[in-house]
Amino acid sequence: MKLFVINPNSTASMTEKIIASARAVAAPGVQIEGRTAHGAPASIEGHFDEVMCAAHLLREVQEAERAQADAIVVACFDDPAIGACREVATGPVIGICEAAVKAASMIATSFSVVTTLPRSVPVIEELVRRYGLDHQCRRVRSAAIPVLALEEPGSNARLLIRDEILRAIDEDGCEAVVLGCAGMADLTEWLSLETGIPVIDGVSAATKFAEALVGAGLKTSKIGAYAVPNAK
Amino acid sequence: MKLFVINPNSTASMTEKIIASARAVAAPGVQIEGRTAHGAPASIEGHFDEVMCAAHLLREVQEAERAQADAIVVACFDDPAIGACREVATGPVIGICEAAVKAASMIATSFSVVTTLPRSVPVIEELVRRYGLDHQCRRVRSAAIPVLALEEPGSNARLLIRDEILRAIDEDGCEAVVLGCAGMADLTEWLSLETGIPVIDGVSAATKFAEALVGAGLKTSKIGAYAVPNAK
Amino acid sequence: MKLFVINPNSTASMTEKIIASARAVAAPGVQIEGRTAHGAPASIEGHFDEVMCAAHLLREVQEAERAQADAIVVACFDDPAIGACREVATGPVIGICEAAVKAASMIATSFSVVTTLPRSVPVIEELVRRYGLDHQCRRVRSAAIPVLALEEPGSNARLLIRDEILRAIDEDGCEAVVLGCAGMADLTEWLSLETGIPVIDGVSAATKFAEALVGAGLKTSKIGAYAVPNAK
Amino acid sequence: MKLFVINPNSTASMTEKIIASARAVAAPGVQIEGRTAHGAPASIEGHFDEVMCAAHLLREVQEAERAQADAIVVACFDDPAIGACREVATGPVIGICEAAVKAASMIATSFSVVTTLPRSVPVIEELVRRYGLDHQCRRVRSAAIPVLALEEPGSNARLLIRDEILRAIDEDGCEAVVLGCAGMADLTEWLSLETGIPVIDGVSAATKFAEALVGAGLKTSKIGAYAVPNAK
Amino acid sequence: MKLFVINPNSTASMTEKIIASARAVAAPGVQIEGRTAHGAPASIEGHFDEVMCAAHLLREVQEAERAQADAIVVACFDDPAIGACREVATGPVIGICEAAVKAASMIATSFSVVTTLPRSVPVIEELVRRYGLDHQCRRVRSAAIPVLALEEPGSNARLLIRDEILRAIDEDGCEAVVLGCAGMADLTEWLSLETGIPVIDGVSAATKFAEALVGAGLKTSKIGAYAVPNAK
Amino acid sequence: MKLFVINPNSTASMTEKIIASARAVAAPGVQIEGRTAHGAPASIEGHFDEVMCAAHLLREVQEAERAQADAIVVACFDDPAIGACREVATGPVIGICEAAVKAASMIATSFSVVTTLPRSVPVIEELVRRYGLDHQCRRVRSAAIPVLALEEPGSNARLLIRDEILRAIDEDGCEAVVLGCAGMADLTEWLSLETGIPVIDGVSAATKFAEALVGAGLKTSKIGAYAVPNAK
């Protein structure tokens, strides 16, 4: 099985981290192909950045399709352009927000999300509502760190995230926490140990869910909204 | 007041029609500036086309911003990239789907939408749900015509749309009908006469709502999700 | 265009303020006709007052209809008797709560409402839910002032409202604030300057939306719930 | 226990029917006091009629309150002015729509409503949504009969209602049917026998629920929206 | 009328308390038959306990059915196995959570629930959402006491509950409070006096609603999900 | 990885079919342990059967837990007793309805469910709403066949299911179909070929999702509603 994991921003160090997370959980025989959306913004912090990454992301999806990808993970928590990716792809396409919150809903009655910047909070709230899980999501929180701070060695980002998770436990009464940025993937285990709560990383969740959908013999439905784009 | 009406696809004849609709309803003193998203697909029929138009649309929004636009109308019923446009713009930005369905909700207890292709139906259903009006929307229907058929002289598109509206009245019990494509703007009056139901065109609705927001002294909020994009 | 702005309570000083707000935003050529619902309670603070004003309000709507009003604004934030007004009127009828929250939803991803008395909070919460915008409304708050305190020169009402807006920004994370009483219309600009957040007054919003609906050629649908009342 | 059952329209024959229904189900020791809202419209068919009855209804509620009513039933399926009645009353106030749909939700997983005129359908749909039972309500249907046809001896109204119930069973897959008009109260048993489905009359349901609330020691909460109206 | 009130746990002292509550509110002529689900857990604190009580509860329902019960109350706030009970029973079956929150929704615009252990909070939240009343429920709170502490003479449980109600009033702005455990039934009056807010006990509410449904001539619908179990 | 797949009914032939489906999709190294809930009803057709199977199902879950199961699949489309199973288990527990509808939501914008008996329709509708996917579920349909007909060689059950799927495509406009019974697992591929639409079997979906959750390092949260049952 060939699984493409696409980082929709152009920061290669983040792609490395994402690939590592995906490979760490991939089943035997699953080949993880990591891709960076060269030409996209260095980080995706809001709707504008989403648009600016989308065509680059789609180019990577088209290449994955040509390379006969069995499934595709879009590794940005804003789940940018997922519908468009699904039109292009034959196999399943899964965004890391959708994967993470649906995973959370299977192991806990409620969860909170901890993301990077405050401006991403409403974006994620809307996604969670679109996925129908607003009744299980206690709160979307920001640790008030820019995405790229997660790439800086020696930054205190991990401490800020840990503290926000502790506040989520205390104030929200949530039973699990979802990490709201692909760049947090490498912190998952440490955060879970520090906080004593299931901490869910979207990259791992999406990698495994993509494998699962392929393994169950499922492909993207092509008879409706996700049909191949109309030729122009 | 300078109001930019941007056609996010690249079909100039559609832009002409859109500009004509906007100018027909603009208040005295409101200057309508029409723009075409050159480089975008010829029509927007699904998520992929949305992505392919988005950067071109945003370029037009940025130019409108430099030209000191007071407000911007995005004239495609999929409301593509509205969040991103709002990040870029100072004044209000309104998509024609949002304008049309909110207008419908002010003059009727329920409405149905008639759009072009079946593949757009789920896209519009999701938009209506996002705007919180699913409880007033009886049904999103397709007249099974490609967007560009609306540009062909002598096509029977208008008859198909009329018949679908008549079916909506009969089967859905709706009190108003929203036209689900900018390319239908010139048919509004004829359709309303033929069917005896309020027929709502998003281009007119959005033009007037944009004027209204500016006239009420409102600008896009810049303290949250619609703040100016972060510099990269 | 003849636009009737009806104050459903009997306090003439409030009508003056409302007319001034409406005129300040009206487009050239729009004639604002202000009316007071003589015989109604001096202020509308709860469901009982709504009922007590409703027949007087409807009498004014009927007179507006006879005077060939193009549209009608009902200038009380409880949106009293809007359905009944729509049955009587040919043109659009818009309440200031509906106008304000729908305007807020076009310029911000979230908003809070600041109203007068605590007892109005659940009334407004129900309205917001009815309009389908509960997912964008962070909180409905009360500044704990009676409606008529807004009419007293020298009252500290404006300071209390400002402080409540500041709390809304701080505690709710809202991106805009809606003023929950017609009597606050004259404070809008000052409050926005003091608090740095878009502050939305329903009177201005409804005046412009009424103009917009008329300008877009829309009238109240007469084929369903808003048909002319059945003769008895 | 003194239970006031108020007919908010002015048709005395309907009041008689309502009183009979209430008395038929009242527990031993419960005194049913029937009242007609003299001065109100002869029937309530839409929002306008609701407003026109409301002040008369409230006058009856105030008199009931002075007469130390333990609870009040408002016997019109539009549940007019319930909030205002609750402000005035000390004991519980229950509308027949609320009672009937909540009763239905306790004996069936789904129900449909059969009302009189098509124009009442959206009014009832909104009520059902307000009560939070839209997920259990399959459909609100109209038998296309004016309210007062129910008062005419020899009218075929009962046959039309029966046929509409049979269609509801067949097309909606509902498990119970709610009668959407107080004037249908006397048909309940016959309709249930004819159709083989639980048929729920709001007058009986509200009478019993009012008794129940009183019997459980409950009164209308006076610390919020239902507090006694503010003195003017 | 013969009304069975079944305690789905095996603690006889709690059954006594429940029977006393039911009898205290029963109408003249209503015979309350109390039953204990011998063999069930001593208290129901979570999903596992629900399952462990369910077959024992159903055995009691079957016996009630054989004894020609007119209606059945299931006296545990988790409303365990209600659907199954309704399949078995001819008359209405009502759980105390459903009864209590629906009663609350008739006398107040909002309510909070105060239950025993934190682990029951999500269980009740889900019930409230299933009943469609999440928009009226401000918050489900725990007083952090095990169910059986309510049975211990001299425990400070009642003080902890009172304090939690006071916090609900202060923090939630609720207009009524629902007691989230059958074992609190005997505290209702005292708590209401201490806190000045309507306090709703599910046992009384369900007893009266069961009476009400029977009195209105309603039985469980047998044409759908609540039909008699299929023979195996 | 040791994955227990439990058939909550007592029909061993169905367990065989379920195990075969699970094994067919299991990743290399995943050991599928099939279990039958001996003592449970032969089929689960409604709430009563759910209760009657639950304790037997839980016994199997407890044994799986002692056998150090990494995850558990509950292979009945009513998702019986899932919360209780999660309290008992350390690893993830997933029901086949939840797995199937969440899988459907990842490959299609909408789906319909085809189940066995009409009485299961409301049960599944409630599950879908609980999982937050009612906005993506077009309709829950019944093929009007008893569960055990699926076990009879030579029954026409597969033809009835195929025809119902074809009706779903035609009438519902759904983009995928979910099979609403574990006993249909062996028909998935044939049905998909016959109907040309993605057909989703819950057993495969749940098996793969269980693997996925384990592979992503996730366990059931033990700090809230799914904590180990309180000792009695």
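Letters A, B, C, D, E and F mark the chains in the order given here, with residues in each chain numbered from 1 onward.
We take it that a contact is a pair of C-beta atoms (placed from the backbone, for glycine too) under 8 Å apart; a residue touches a chain by one contact, two chains touch by 3 or more.
In this text the structure is predicted, and so the values were computed from the model without any measurement.
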item: Copies chain C and chain D touch via same or different residues, half shared test; value: same
item: Approximate Å spacing (C-alpha centroids) for the pair chain A, chain D; value: 51
item: Centre distance in Å when chain A and chain C are each reduced to the mean of their C-alpha atoms; value: 42
item: Centroid spacing, where centroids are CA-atom means, of chain B and chain C in whole angstrom; value: 27
item: Where chain E touches two or more other chains, by residue; value: 86, 109-110, 118, 121-122, 126, 129, 134-135, 173, 175, 224-226
item: Pairwise touch network: line, ring, star, complete, or other; value: other
item: Pairwise chain contacts, counting only pairs that touch as defined; value: A-B, A-C, A-E, A-F, B-C, B-D, B-F, C-D, C-E, D-E, D-F, E-F
item: Of chain F, residues touching chain E in the complex; value: 41-43, 45-52, 54-55, 58, 81, 83-84, 86-88, 117-123, 126, 129-130, 146, 224-227, 229-230, 232
item: Residues of chain D defined as touching chain F within the complex; value: 109-110, 135, 173, 175
item: Partner chain B, residues of chain C touching it in the complex; value: 25, 27-29, 86, 92, 94, 98, 102-103, 105-110, 131-136, 169, 173, 175-176, 188-189, 196-198, 200-201, 204-205, 207-209, 211-213, 215-221, 223-226
item: Residues of chain E touching chain A in the complex; value: 118, 121-122, 125-126, 129, 134
